[in-house]
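Down below are the structures I want you to see.
Here come two complexes built around chain A, the first alongside chain B, the second alongside chain C.
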Partner chain A sequence: MRPKDLAVSHEDTIIWVSGSIGFDKIPSIFEGSPTMKVVTGVIGNDIHVVANRLMDLSLNARGYEVFNLGVNTHLEEFFDAAVETGADILLISSLNGEAEGWGREVKIHKAKYKSLDGLTMMIGGNLTVGSGNADDIVPRFKNYGFDLVCHQIDLNTGLDMLEAHLQEKLQEESQA
Partner chain B sequence: MSGSSETNSANDKLLIDIGSTYFKVSTSGSIEQHFRDFNKRILDDLLHKSGETVQRFNAKDIHICSSANGGLSTLIIGLTQSYSLKYATNIAYNSGINVIDSLIFQNIEDYSIPSDLIDVVIIVGGIDSNSGLFDDRLNQYLAKLNYSNAVYVGNAQDGAKMASTVKRLVVLPNIIDDRLHIVEKHLKDYLTNLYQQDIEGKEDIKHLYEITDNQIFSTPFVVNKSLPLINASFSVTDPFILLDIGGATTDVHYSKDLVTDNIVTEQGHDRIVFKKLGVYKSRQSLIFTAEQNEYAYELLMHLKVTENIYEEHSDKATKILMQLAIFLVLCKMSHYRPAYVTLKLLAMNSIVFTGGITKVLNTEDVEDVVAFFYRKILNSDHKPRTVLDTNYDIWTLGAKDHAICQ
Partner chain C sequence: MSQLQEEREIILGNENVDSFDFDEVREFVKGADEQLFISHHFDTKDKMLVQPRGGFPTYEKQFALYEFFVDANVDVLPLTIDSNTRLNDYTTAKKMLRLSEANEIDMLNGYPLVNHGYRSTRKMMTHFNHPVSLRHGTPDARLLIEIAIASGIFEIEGGPITYLLPYSKNFPLDKAFLYWKYVERVCADYSTLNKPINRESFGPLTATLVPPSITIVIQLLEMLLSLEEGVKSFSVSFAQQGSMIQDIVTGKVTRALAKHYAAQIGCEDAAIHLVYHQWMGAFPTNRDSADQLINMSTVIASMVGADKIITKTREEAVGIPTKEANAQTVANTQYTLNILGGLPAIVDEQEEEILTAEVHAIMEAVFNDPADTLWRKVFNSIKSGVIDVPFSPHIINHNEMITIRDAQKNIRIIKRGNVPIPDRCFEYEKSCCDLNKDTTSIVNDIIQDIGIMQ
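So, the complex of A and B:
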């Protein structure tokens, strides 16, 4: 197996993930400011762990402090972990099609917490059953309370979007 | 139960367990069990009923454990249900402490103040790199609370600040590490010691030191010691749960394999206590719990009795209440009425019963309720092996193991 390649079997399927996943330390755009904390994991009864492992490595390489709750994580545990760690970002993966059901619950659950207003919320993976259309999915999930929605978007592109979002947020905060 | 405790090496020891309702006295050849006489001091009662046996042993060969004081009570104040409260609850139960309530700090003003004296308040929350999580509302709450001890096991920075503002606060290392995992040791040692001191401080128990040279331990601690030995000695297959249904409380010890959980602890077995579930002292609250459970009525019908049985004081009524207690505890450990842990009861291979219940129910009575529970609540014909510890072999095993180690 080539370095940085991963093989996973799905019944008879073998898939290869290769190329520029890039876990080498990338200079952080937040140089000088305190390390950003990210809580991540795979929501619901979803056991697709590969992206989650890659996410952990990539986030670490990008200089975040990562709290990885792994697969099979329920919404309450995500929010609870954000409270205990003082996380800046909640980054949820969903691959098996459960995202829609959980998405609808986000606002109700989050409203129970008094200290999560500043939390940046991001979700990615396969956010629907079947292929779906990002033009429908993205606004719907934003309406559920997510700041960033990455339906079938590769990890690095997603994490670049996150960085851009955080920079914007920092700028807004410094102007305010 | 297949194993026998008689062939073990601690033959010449006398093991005594003082419970809230019974006490039992075990030698290598016999087990005696007596109802306690609450008008007498424990020592007098013991010597009155089992004096001859006790006299045959030297003080160095007598080992005593007690759950007579009902254990210590704790109130836990934490940040979240899934981490701080859950971790502290787990450690408290495993140290033999009863959790009477747990509350989430952000909503602290919404909780009423318990009127009973709390033996120990546990305050917990946040990893060490997080801080500023508690504010003056904590002091205001504690000022109104009637407690004997307070221990802080949350993030380091808040602990340092709180030490100067909260009276009698003991600050220990965080039970949540930087990866959000549980760290049991410090809090567990602290609580176990506190329980130990409490037992030794109890007037009634102090007198027992007249007949033993050994330290008196808490019963849950002794039972917990025996769990890893159970399947080596008896025909119990892992994973299993052990139910100790007593007069005042019900103790459940369970294999960690039965929990799907974010808690990763080192031990193979955990413990949970249902404080108000017993057939003598807690009879009323047991009946109350039964009345809240829609299936309890069906169980009574199945057992061919009516709710009038709650008013009766007969052997028959005790038997039915014990069967109800089994059912209610299983409900509390299942998805139907989740307590703080939910067990994968369909994966459970054995269910072991110990305590007073084994003197009242036979295997058939027990299997009948267990089967009813699986059918009604879990829709399944699953049939874990039921084992009745009629001779208190499990307790003897733990007590002996402990006696040998001393």
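So, the complex of A and C:
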């Protein structure tokens, strides 16, 4: 029994951001710089919530400020939330493989907001319906506009990749 | 005309319903064979009733599935409803039913009961003359349960909390309470005509590290919401949790407190049953391992002393099970129940005492909410996080509670959020776990704890 989510409109459907579910904050690894803000959620009609909650917990533990949009989130909502919160990172996840269908529209939506030019874009989870391999999938999603693409990579490895990427970016900015 | 009857006529005036004949349906329920009522089987049978899950789109395939189940000596037949019907999208369900009938491929993941209608479905139910349980997941099940009862389906699963928090992100919870109030009233009304209609709550919730205190509180509240509308037969339920002793303690505390709280609202006369779900979490893909897990669930259900067990299949990890695999589980479960004997009576007074104190504390907080009706108190308690379901996708859920397994695989609360777990109980729960780790290690533990059966 796992019906797709109920697409019923309601006053609660205004952008909702959860508080932290972490229970011990460790200091940001980016000493001296302000806390990084990350918007995350599961794209499309995808109710797979378990990894989303664990991601929330892990991001908090790693010192990020997390705005979790939860499951069944549409692409527009991600960008609206990124603008609203002034996010540094957008981390989209997908379990049922729907991301493939949404990926093509990423650039169009992002281009609507000038303020999103510096946004780090990451996508992870199971990025295709049926079988596929990372060698095909990663370049395809990079073309859609993602800086980091994690197809079937475990949570902590993915978040390590994010950290390395951000440090590199910070260094580039300080040199520029 | 009563307000309920007015509402019923509006609901049944739906364009997908072929002229609902209220008087004829009442006469049918009044004269229905007692074998169709699960409440009758609970009253008269000593054995644990065995019920599988299953629903196919077409009449013929559902009929064939029931033939397999009856051959496997099933006690209770399931009718699982497709996901379009669960979302009240009868138009899509109708289209997909037509496509399923015209081709060999099933275009729906269950039986679209509203589209089939009660006149034809009743023929199937009275043909097999077994009790049937409606399995759905519908927040607004008003039309569905009308058609079900008119078809001879006299057990209705679900509830405003248990069919919403695990399945939906943003269906309004307040509306769900009102839609389910209608369901309770209609069930209560029909229950005066013959044997009672049984209502069953869906205890597994998200089936992901839900602690027994939360499960029991939600079971008790849905029971009370049902009994206060006049339902006379109710099943509380929970799913295998991963630790045998925790299951035994949960079963015992659930039964005792169900009786206690039913008596508090003057409903001692209602019959309360206990239902056990075989493991509802992530299943092993290896079919032989899955069979072993299913068998172990049956043994634990016997230790728990459940009145009914709901089965899984060896194909759980793969997809919708075939009728052959489904019937095989029924036969295997019956076999295990037959050969089990000399079960020891296991008691753990400390665990029982702690769990009972936790449930009482949460229930008290719910009752102390200043709202004027029980459903509003419950609604406010979920909104404020007094009730918090781990891994619920719903926006109203707090997600502040964190649970992990201890070395015995018991589910323990290590962060309580706004849930009023008494201090001494909370200290006990934490003392069972190794918490001298950083959060990343604990997250890794949680991932392991979710997948223990894989």
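One rule holds in what follows: the second predicted complex is superposed on the first by the 148 of 176 C-alpha atoms of A that agree within 3 Å, B and C clash if a C-alpha of one lies under 4 Å from a C-alpha of the other, contacts with A are read in each partner's own complex, and residues count from 1 in each chain.
Assume a contact is a pair of C-beta atoms (placed from the backbone, for glycine too) under 8 Å apart; a residue touches a chain by one contact, two chains touch by 3 or more.
Computed from a predicted structure; not experimentally measured.
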Partner chain in contact with A:Gly86 - chain B first, chain C second, else both or neither: first
Chain B versus chain C as contact partner of A:Ser115, first or second or both or neither: first
Contacts of A:Phe67 with chain B and chain C, given as first, second, both or neither: first
Dominant toucher of chain A (residue count), chain B or chain C: C
Which superposed partner A:Val50 touches (first chain B, second chain C, both, neither): second
Touched partner set for A:Ser58, first chain B, second chain C, both or neither: second
A:Leu155 touches, of chain B and chain C: first, second, both or neither? second
Contact residues of chain A, present in both the chain B and the chain C interface: 72
In the complex with chain B, residue positions of chain A that touch it: 37, 65, 67, 69, 72, 76-77, 79-81, 83-86, 113-115
Parts of chain B lying in touch with chain A, wherever the complex brings them together: 79-84, 106, 125-127, 129-131, 133, 176, 179-180, 260, 262
Sites on chain C touched by chain A in the complex: 53, 80, 83, 86-87, 135-137, 139, 167-172, 206, 208, 390-393, 395-396, 399-400, 402, 414-415, 438-440, 443-444, 446-447, 450
Contact footprint of chain C on chain A as seen in their complex: 1-8, 10, 12-13, 16, 18-19, 21-24, 26, 47, 49-50, 52-54, 56-58, 60-62, 70-72, 155-156
